[in-house]
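Shared between the two complexes below is chain A, which has chain B as its partner in the first and chain C in the second.
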Partner chain A sequence: MTEIGIPVIIVSGLGLLFGLLLSYASKKFEVKPDEKIEIIRGLLPGANCGACGFTGCDLYAEAVAGGAGINLCPVGGMDLAEKLAEIMGKETAACEKYIARVMCKGTWDNVSIKYDYDGIVDCRAAAQMAGGPSSCIYGCEGMGSCKKVCLFGAIEVENGLARIIEEKCAGCGKCIAECPKGIIKMVPARSEYSVSCSNHEKGAVARKNCKVACIACQRCVKECPENAITIVDYCAVIDPGKCVNCGKCILVCPTGAISKYTGYQ
Partner chain B sequence: MLFINRLFSGGVAVPHRKDTAEIETVVMDIPSKVIIPMAQHSGAPCRPTVKTGDIVKVGQLIGESDAYISAPIHSSVSGVVKRVEPMLYASGHLVMSVEIEADKKQELSEDIKAPVVNSREQFIEAIRRSGLVGLGGAGFPSHVKLSPPKDKKIDYLIINGAECEPYITSDYRECIEFAPYIIKGIQLALDMLEIPRAIIGIEDNKPKAINLLKEKSKNDSRISVYSLPSRYPQGAEKTLIYTVTGRKVPPGKLPADVGCIVFNVNSISFMAKYIETGIPLIKKRVTVDGNVVREPKNVEVLIGTSIGDVFEFCGGFVSSPYKVLMGGPMMGIAQYSLETSVIKNTNAILAFDKKEGDLPPETPCIRCGRCATVCPMNLLPQEINRFVMAGRYDELHKYHVLDCIECGNCSYICPAKRHLVQSIRLGKDAVRRNAKKA
Partner chain C sequence: MKEILLIALGAILVNNFVLSKFLGICPFLGVSKKSSTAFGMGGAVIFVMTLSSAVTWTVYKFLLEPNGLDYLQTIVFILVIAALVQFVEIVLKRFIPALFKALGIYLPLITTNCAVLGSALLNIESNYNLLHSVVFGLSAGVGFTLALILFSGIREKLEFCDIPDAFQGLPITFIAAALVSVAFTGFKGLFGI
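On to the complex of A and B.
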C-alpha cells in the first residue's frame, strides 16, 4: 500500500501546489483586454470580407477602437454605424447601403454562341479565348467566377448569366474585383432601375450580338425627366444619384435593355 | 555534318505529319480584299497612317508607331482603303485594322528602293523599315533583336530551322527553295554585327535541308549546320540555344544574356531579299493542312488575306471543319471565324474534323508525374494546375509559373487530359496582375 501511496501523495501534492500558484498568478498579473475592441468585434458581422479595407473583422474592430471611421462596413450598414458611433461617442456618419448589380442580360437565349468552349470553368480563362464563347464580348460569360468568391451566397448563375440576389448582397465588392468583364457595378440599394448592358459596340453590331443590348438610341435619355441618363461609348448609364425611380425609361426602351430591380431602403 | 547528342531535359516525340514537305510552294491569287491588323508583332501596336478612301500601292506604309518595340506595317495590295476600324484578329479580339479593296494591278509604291547598307546602324534601320518581325511565331520586332545592349558580346548567331511542330513545313520549304538567300542573310548579319559564328539548327528528320544548306555554306567557315534530335519543342528559343551551344538562358533573361541571337530561317532569308529588292514584309508562306483540307500544301499568301480565302484556294474543305487552328497543333490558336487574316507571323493554318480536333473530357489528376517529366522548362505543371484551380495565385511564384513557354507538352502527355496549359496561362495572368497591383 505504502509503495504506491507515497508517489500518489507527492504527485497530487505537487499538482495542487502548482494549481494554486497558477491561479494566484493569473489573478495578480491579469491583463485587461480592451473591452471596447471586444464589444465592437461582437457587433461586426464576422464575414471577414475585407470590404472595410482591413484584413478581416478583428482588425477593423481594433481600428475602430483606435479611431478609424465607423461607417466603413457595408455589410453592417447603417444599423452598425449607429451602434459604433454610440460606443465611440462619435457623430453618426451617413452610410448609404450599396449593392452589386450585373449590368448584363445576355442569357444564352439573348446572345448566340461563337464556339464550343471546352476548357476550365472560369470566367477569366474563358475570356482569354477570344473573349469567351458568347457573341457579345462585353457581356457575362456565366461561368460563375463571381459566384465562387461571394461569401454571402448572393450570386446565382443561370442560363449563362450571373444574377445578384439583392437582399443577400452585402455590398462587399468581391465579385467586382473578380469579374474579368468588369460588368458588375455598385449601386445604392434604393435604386430600382439600371441599364443592364455593358456593350460598347455601335447599335447595329450590338443588336446583332445580343437581342437585348443597348443600341444607344437616346430614347431613354430624352424621356428621363431628371436628366439622369447619359450615353457613354454607345451604352446608356443611369446615374443613381439623380434617378427618382419613376420608371419612365423602361417604357420607351426598344430593346429591353433597361431592367427593374427590387431595390430596398 | 555535326550530330548533336546533347538533349534538353523533357520534351516529347510528337508525330511529324509533315505531308506537305515535298510539295512546292504555290503563289496564291490576289484576294479581292485584305484586312491588315495594326498589331502583328509583340510590342506597341501601330497607328494607321491611311484613311478611308485613300488609294494605296503595294509596299506603301499604312501603319507605324513611335515606340521602339514595334514594327511598321505595309500594304500588301494596291487598291482603295475601305475601312479603318477595329476588326476581328487572330486572338479572337478586335484590333484596329485597315481593310483594302484590291484592284489586282499590284502596282508597286514609289517608296520602294533597295536600301544602302554599309554600316551596322544602316543595316538595323533598314530592317526596322522592312517591318520584319520574328517569322517563327513569336513576332518580336527583328531590329530590336539585332541591337543587343552594347555590353553584351554576341558569340553566336543561331538560325532556327528546327520546325518541331507537327504539320508545319513552311521553314523547310524556305530551306529547299531559298537556301542561297538564307546563307546570304546570315553572312550579312555576321558582317554587319561582327558576330564570329553562325549555327543553323535543323531537326534530323529533314536531311535534305541539312545537306543543301551544308553544301551552300561550305565556302564560309563561320557557318555550321547542326542536325538536331527530333524532339518537341526543339525549336523553342531556349531549348535550341541549349542544344547547339550548351548555354542555358536563366529564367527571365534573354538569349543576348548568354551571347546568342536567334532568327528563324524565314526571317534571315527575308533580310537578304529585302536588302536586294527593298520590298517590305507583305507576304508569307503558310502551310495549309489538316484532315479536312482538300489539297494540303504550302501557299505564298499576301498578308491580310482571310484564312477562309486561303482554304478556298486549297480546294476548300472535304467536310465541315470542327476545329481551325492558326499555328501548329501544339501551340496554335483556335479560330472561331474564317474571317481572321493571315499576319506576319502566321506559319500554318490547319483544319480538322471532330474526330481529330475534339478534346477528351478532363478527369482528376492521377499524380503520375508525366507532365513534369516532359516539361522542357523543368516545371511542375500538376502543382501549378492544383493551385490555380484552388485560386491560390499567391503560391504560384514558388513554382516559376512565368517560365512556362506554353509549349503544350504537359497537356499533350497527360493521361487524365487535364487542361494544364490553360490553367498555367491563367496563373501567369494572375501573377502578372498581382505584380502590377503591388
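On to the complex of A and C.
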C-alpha cells in the first residue's frame, strides 16, 4: 500500500502546494484589465473589417484605450468618433467619410468580348488569362471577387461590371485589396463626380476597346474651374480634394467616361 | 572555486546546451529573429533555469531520494518547472508588460522546453551539490542566451542577404545554425573539459 501511497501523496502534495502558490501569486500580482477597453469595444461596430489598420475591433479598442486615433473607424464614422472622444477625453477630430468606387464603366454593352471565359468564377483567375475576357485589360471583369469579400453587401455585379452601392459602403477597403486590376479607389463620400475609367492606353486604342473609355482629350481639364482634373498616363483623374461638384466636366466629356454618382454627406 | 568555474565554462562554451547538446532548439529558432526578443527570452530562460535547478535539486534530495522515488523525477521536475514558468509569467505581466508581450507564446513554451528539464536532470546525473546545481543552471541559461543572441545577430544580417529562393526562410536558418554549432566545437577540450 505504501508503495503506491507515498508517491501519490508526494506528487499530489507538490501539485497542491504549487497550485496554492500560483493562485496566491495571481491574486497578489493581478493586472486589472482596462475598463475603457470593454466600453470602447462595445461601441465599435464589430465588423472586424480592418479598415482602421488594426486586426479587428478588439485590437483597435485596445489601441484607442492606449492613445491611438479615435477617428480611424470608417464604419462608425463621425458618430463613433464623437463618442470615443467623450470617453477618452479628447478633442473630436475631423472624420471624413470615405467610400470605395469602381473606376470603370465597362459593361458587356460597352466592351467587346475577347473569348468565352469558362474557368473559375474569380477575377484573379480570369485576369491570368490574357488579362481577362473583356477587350479592355484595365477594366472590370465582373466575376465579383470584390462582392465576395464585401462584409456590408454593398457591391452588386450587373452585366459584367461591379457597382458599389454608396449608401451601404463603409469604406473598409477590402474590395480594393481584392481587385486584381486595381480599379477600385477610395473617394470622399461627398464627392459626386469621378472619371470612371482606368484605361491607360492612348485614346484611339482605348476607344477601340471600350465605348466609354477616357481618351485623354483634355476637354474636362480645360473646363474645370477649380483645376481639379489632371491627365495621368492617358487617363483623366479628378482630385476630390479640389472638386466642388459643379458638374461641368460631365457636360464636355465626349465619350461619357465621367459619371455622376450619388455621393452623400 | 575552480570546480565552479569549470562547471560554468563547461555549460556556457564547451557543452553549450543549444549548440552542442541540441536542447531547446524550438525557442532558439523561434525567438532569434530579433536581438531584442532574444535578450528577453534569454533573460527569462536564465531566470527559470537557475530557479528550477535549485528547486528541483532540493525536491529530489529531500523528497524523492529518501523515499526511493527516483523514477518520479521527470514528472515531478516538469511539475516544478511548469509552476515556476507560470509564476514568472504572472510576475512579468505585472511588472514588465512590454517584455511579456514581446515573448508572447515563447514564455509558456519554456514550460515544455527540454533545455530547462535537461539542466535539472543533468544536475542529478552529475551528482552536483546545491551550489553546483545552481551554478550549472545559471550558466546553462547563460549559454542558451549567448547562442540565442549570437544567432539573432546572424539572422538580422541574413535579412539583407540575397538568398537563393530554395534556401529562403527556414533552410538558410538551419544551415547558419549548423555553422555556428560547428564553430562552437572549437571549444572542445578547453581546460580539459
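By our rule, the second predicted complex is superposed on the first by the 232 of 265 C-alpha atoms of A that agree within 3 Å, B and C clash if a C-alpha of one lies under 4 Å from a C-alpha of the other, contacts with A are read in each partner's own complex, and residues count from 1 in each chain.
Here is the rule we go by: a contact is a pair of C-beta atoms (placed from the backbone, for glycine too) under 8 Å apart; a residue touches a chain by one contact, two chains touch by 3 or more.
Keep in mind the model is a prediction, meaning the values are calculated, not measured.
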First, second, both or neither for A:124, with chain B first and chain C second: first
Touching partner for A:26 - first (chain B), second (chain C), both, neither: second
Which of chain B and chain C A:251 touches, first, second, both or neither: neither
Contacts of A:15 with chain B and chain C, given as first, second, both or neither: second
Which superposed partner A:177 touches (first chain B, second chain C, both, neither): neither
Which of chain B and chain C A:7 touches, first, second, both or neither: second
On chain A, positions contacted by chain B and by chain C: none
Residues of chain C defined as touching chain A within the complex: 59, 63-64, 67, 69, 72, 75-76, 79-80, 82-83, 86-87, 90-91, 93-95, 97
List of chain A residues in touch with chain B within their complex: 114-115, 118-120, 122, 124-125, 128-131, 137, 148
Chain A partner contacts - residues on chain B that touch it in the complex: 91-94, 334, 336-337, 359, 389, 391, 419, 422-423, 425-426, 429-430
Sites on chain A touched by chain C in the complex: 6-7, 10-11, 14-15, 18-19, 21-22, 25-26, 29-31
